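Questions regarding the structure given below will be posed in turn.
Per-chain residue numbering starts at 1, and chain names A, B, C and D are given in the order in which the chains are listed.
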């Protein structure tokens, strides 16, 4: 719709990037949740008595009523596979050599997103119980990756 | 049918700090939680949520509005995030206003959050990415450049000195000494301290600049019939205005913020204000840099062009003057978590007009105040006028 | 209400808290790569720069010549009427002496960014670029400057094909 | 306060997998010029406020709203950006006009997805940085998890999802602006490779570039400007939990809640009876089925069967995505909802050409913000 003609020698594109680098604190709830995961190999949630919801991973607030949560509960290390998928592509969109088995494992009214291991794709089922396999305590850094994967109970 | 009246009925905020431990969600929640408590309301009363946060680069999360929704109390509620760069903090209450004035909602929570420290190592570096990707970013510009160049143009056009401008930093930082959330309040700071601070990008020196900060602010807005049930002291939103100038910032006169003038005129019209200098009792202009407060006072028609420094030198701008400017301490004193800093000004007017500002209280029971923010490539003005 | 509130939320950390491992944190970096289509206006601008010409565009309705060139006039919302080659000289509209790089490194000799109103464009229509070959203390608003181009062989069709603008010697 | 608001002009450009001939500004200008001509308004004189929808990381620019006003006629006017879908933008314009302060408002959304060289990594940067991002997973896994649970709880089959692809890409053959029209059968869809099982690559909408602008007006202005105002009967928007850990994995709660809000405004109790045509999110094929159930067009588990039976085909009970949907027109990032609404406007005006559905009076458009979000919007329009 322009009246102007493009210079035939125009470059088609200009290449560039968004140079964004971040450092994230784990926050009030994350601090305690991940310290406990790292130091004690335990998974914590918080309970909102008003809404009767148990948040896992632990949250410092109830997303429903915005109450401050200080009722910390140990939810164990085994949970139910609520749903799962076999992811076939890398972060950059290229195909993965071997599909990754990713699951949402239910704990309390929340749960954790993680990989499943020691299992083949045809053995995975919604509703099966799986258990967190922790890295050796010396290798844990306070991260979701302190859990290596979840395996069938 | 006339326009629906909208009031501010509650407010809350976090401290503004250099590096917060809280996640962005948690900061939002702290402010939202406090705002609810301040007017004894619960989430059941909140019908919709409006969120303001400036570039995703700071919190470091793509689609940051979506990420922050649970912290802002938006779980299973109508929720949108609005965005006009640095002007966002004073825009997000405008967004809340139109939610209610439209007749679709009666009670809306407005939250503004910024966690600049998540951009690491230097929050300032994020600003490289606000420039045009093809024609400007290859020059490796930084944010100080455009402020410094605008300040220089302003000073040269009107013959304003560095000392004239430094008065702003002195007053605001002194005012901030009385703000419990302030990052850089200093009751004893002097003109000399400002003028002798490190030169960053002449004419900008270290103490001309507001600090990079983390924080969140929330306010609760209600329609007239609800507001009167909630509180005896609603503070009404009497006028709102916003304008966005062209993105071609090197193609306009940097000495005068025309977009702020247009935004102010829109708000004055709506509020029925004919003589702003007589009818505005407290003003919270946007002050990320000290000269910006002057620039904005002129755009807001509260001073003649090039004459805003006189408001500071003759005492008009002091907390006990005829038109106190930034009694909160402003961004220069309280801190500048971008979107949250703008909404802090709305919270300040709310407290001031209700007579609840404590040590910062402006005497004489002020009746009407104006808050303004600014942003993008020196191109947006957002204005809210509030009155008892 | 601030009068009634004793304690505001917000926990302040310092860098030492991170260094000492007092708190948990992680890092990430966006791999955000883009190839922005230059289009008619900016594509032609870049092609002209490669030829040592600063290109503007002209709106007959608004009687304006703008730079960088665009295909739409933002004031009358009509298509721009023609491209206009501009001079590579201009006037310093404003400038700064900047002692900090974009990634916050302190530098001894300042960078001198400026808005330069380009000769041939309408008044107050300029571009951002750097000044060079000049004593920082001598830079003035209103000063006349000229582009210093990279050698033809090194030009790539980029704003950096102009190295900087330098003062024009007064005769 | 103004009660009634109408869409009085629409314009688009695109939609193609690449658009190297124009910059995003030039592309948006084309759509804008068409929309303003369609509405018979001069943006500089008549349009009082502007709403744009955009996300910084999709543009490659922080504070992208800086660059929004010039190509829509909004310079030095009240312009603001919503970081949402185009339907959020329309809802915003709807609110602005209802305040009584504005008579004519424009809404713009666009996609230059082809300019993002690392889109999967950009999308992944929307995941929670502490809980999810360390796993370094392509965000399609979220759709895979959701689809699997949706199939499990509703008894929907993979074939049902593939039927959505067959229908929508065939519909796109009748839409001159849709780039991904194709005459496929179920086997063609099911034989494609997997993205995140059970989600196949052919059940995922390809991205496209394009721009859409719409002009909205108050009742007085709308009736003055056009003989064919398309009225907004209702607008709703909502979101489920932002956290992957707290959301409902099987149901599109955001669509359910947004529809509830929109239906309440429109006075609709029985959507299937009231609504003649729908354009819903199908950026993943299963999303169309999930949306149809959430919008109350059928009971849980029925949407797949209805699709296979042809109930959602253009000449049947409830035509869904006659435009081709996102599967046929392309995933347009923030502009997806505008593309859905665009088709409804054409259909309600009787201007949909060979794909015109007969006797349509009320239409619904619905959108979703994409992974990892759980938010979306619903718009109900009438002629």
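Rule of thumb we're sticking to: contacts are C-beta pairs under 8 Å (C-beta built on N, C-alpha and C of every residue); 3 or more make two chains touch, one makes a residue touch a chain.
Owing to the predicted nature of the structure, the values given are computational and were not obtained by experimental measurement.
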{"item": "Chains contacting each of chain A and chain B, listed by label", "value": "C, D"}
{"item": "Shared interface partners, meaning chains that touch chain B and chain C", "value": "A, D"}
{"item": "Of B-D and A-D, whichever chain pair has more C-beta contact pairs", "value": "B-D"}
{"item": "Chain at maximum distance from chain A, centres defined as averaged CA atoms", "value": "C"}
{"item": "CA centroid of chain B to CA centroid of chain D, Å", "value": "33"}
{"item": "Centre-of-Cα separation between chain D and chain A, whole angstrom", "value": "28"}
{"item": "Separation of chain A from chain C, taking each centre as the mean of its C-alpha atoms, in whole Å", "value": "41"}
{"item": "Averaged-CA centre spacing for the pair chain D and chain C, given as whole angstrom", "value": "36"}
{"item": "Two or more partner chains touched - positions in chain D", "value": "20-21, 26, 29, 57, 60-62, 69-70, 75, 115, 118, 121-122, 125, 129-130, 134, 241, 243, 246"}
{"item": "Chain A residues counted as touching two or more neighbouring chains", "value": "1-2, 6, 12-14, 16-28, 30-31, 34, 63, 92, 143"}
{"item": "Chain B residues counted as touching two or more neighbouring chains", "value": "19-23, 25, 57, 60, 62, 70, 75, 120-121, 125-129, 133-134, 246, 248"}
{"item": "Contact footprint of chain B on chain A as seen in their complex", "value": "14, 16, 18-31, 60-61, 63-68"}
{"item": "In the complex with chain C, residue positions of chain A that touch it", "value": "1-26, 28, 30-31, 34-35, 92, 142-143"}
{"item": "Chain C - residues contacting chain B, complex", "value": "1-5, 8-15, 23, 27-28, 30, 34, 36, 38, 42, 45-46, 66-68, 70, 74, 93-104, 110, 113-115, 124-130, 141, 158-160"}
{"item": "Chain B-facing residues of chain D, complex", "value": "1-3, 55-57, 60-63, 65-70, 74-84, 88, 91-92, 94-96, 98-101, 122-123, 125-126, 128-130, 236-243, 246, 253, 257-258, 261, 265, 369, 372-375"}
{"item": "Chain A partner contacts - residues on chain D that touch it in the complex", "value": "20-21, 26, 29-30, 33, 57, 60-62, 115, 118-121, 124-125, 129-132, 134-138, 140-141, 144-149, 152, 193-199, 241, 243-246, 249"}
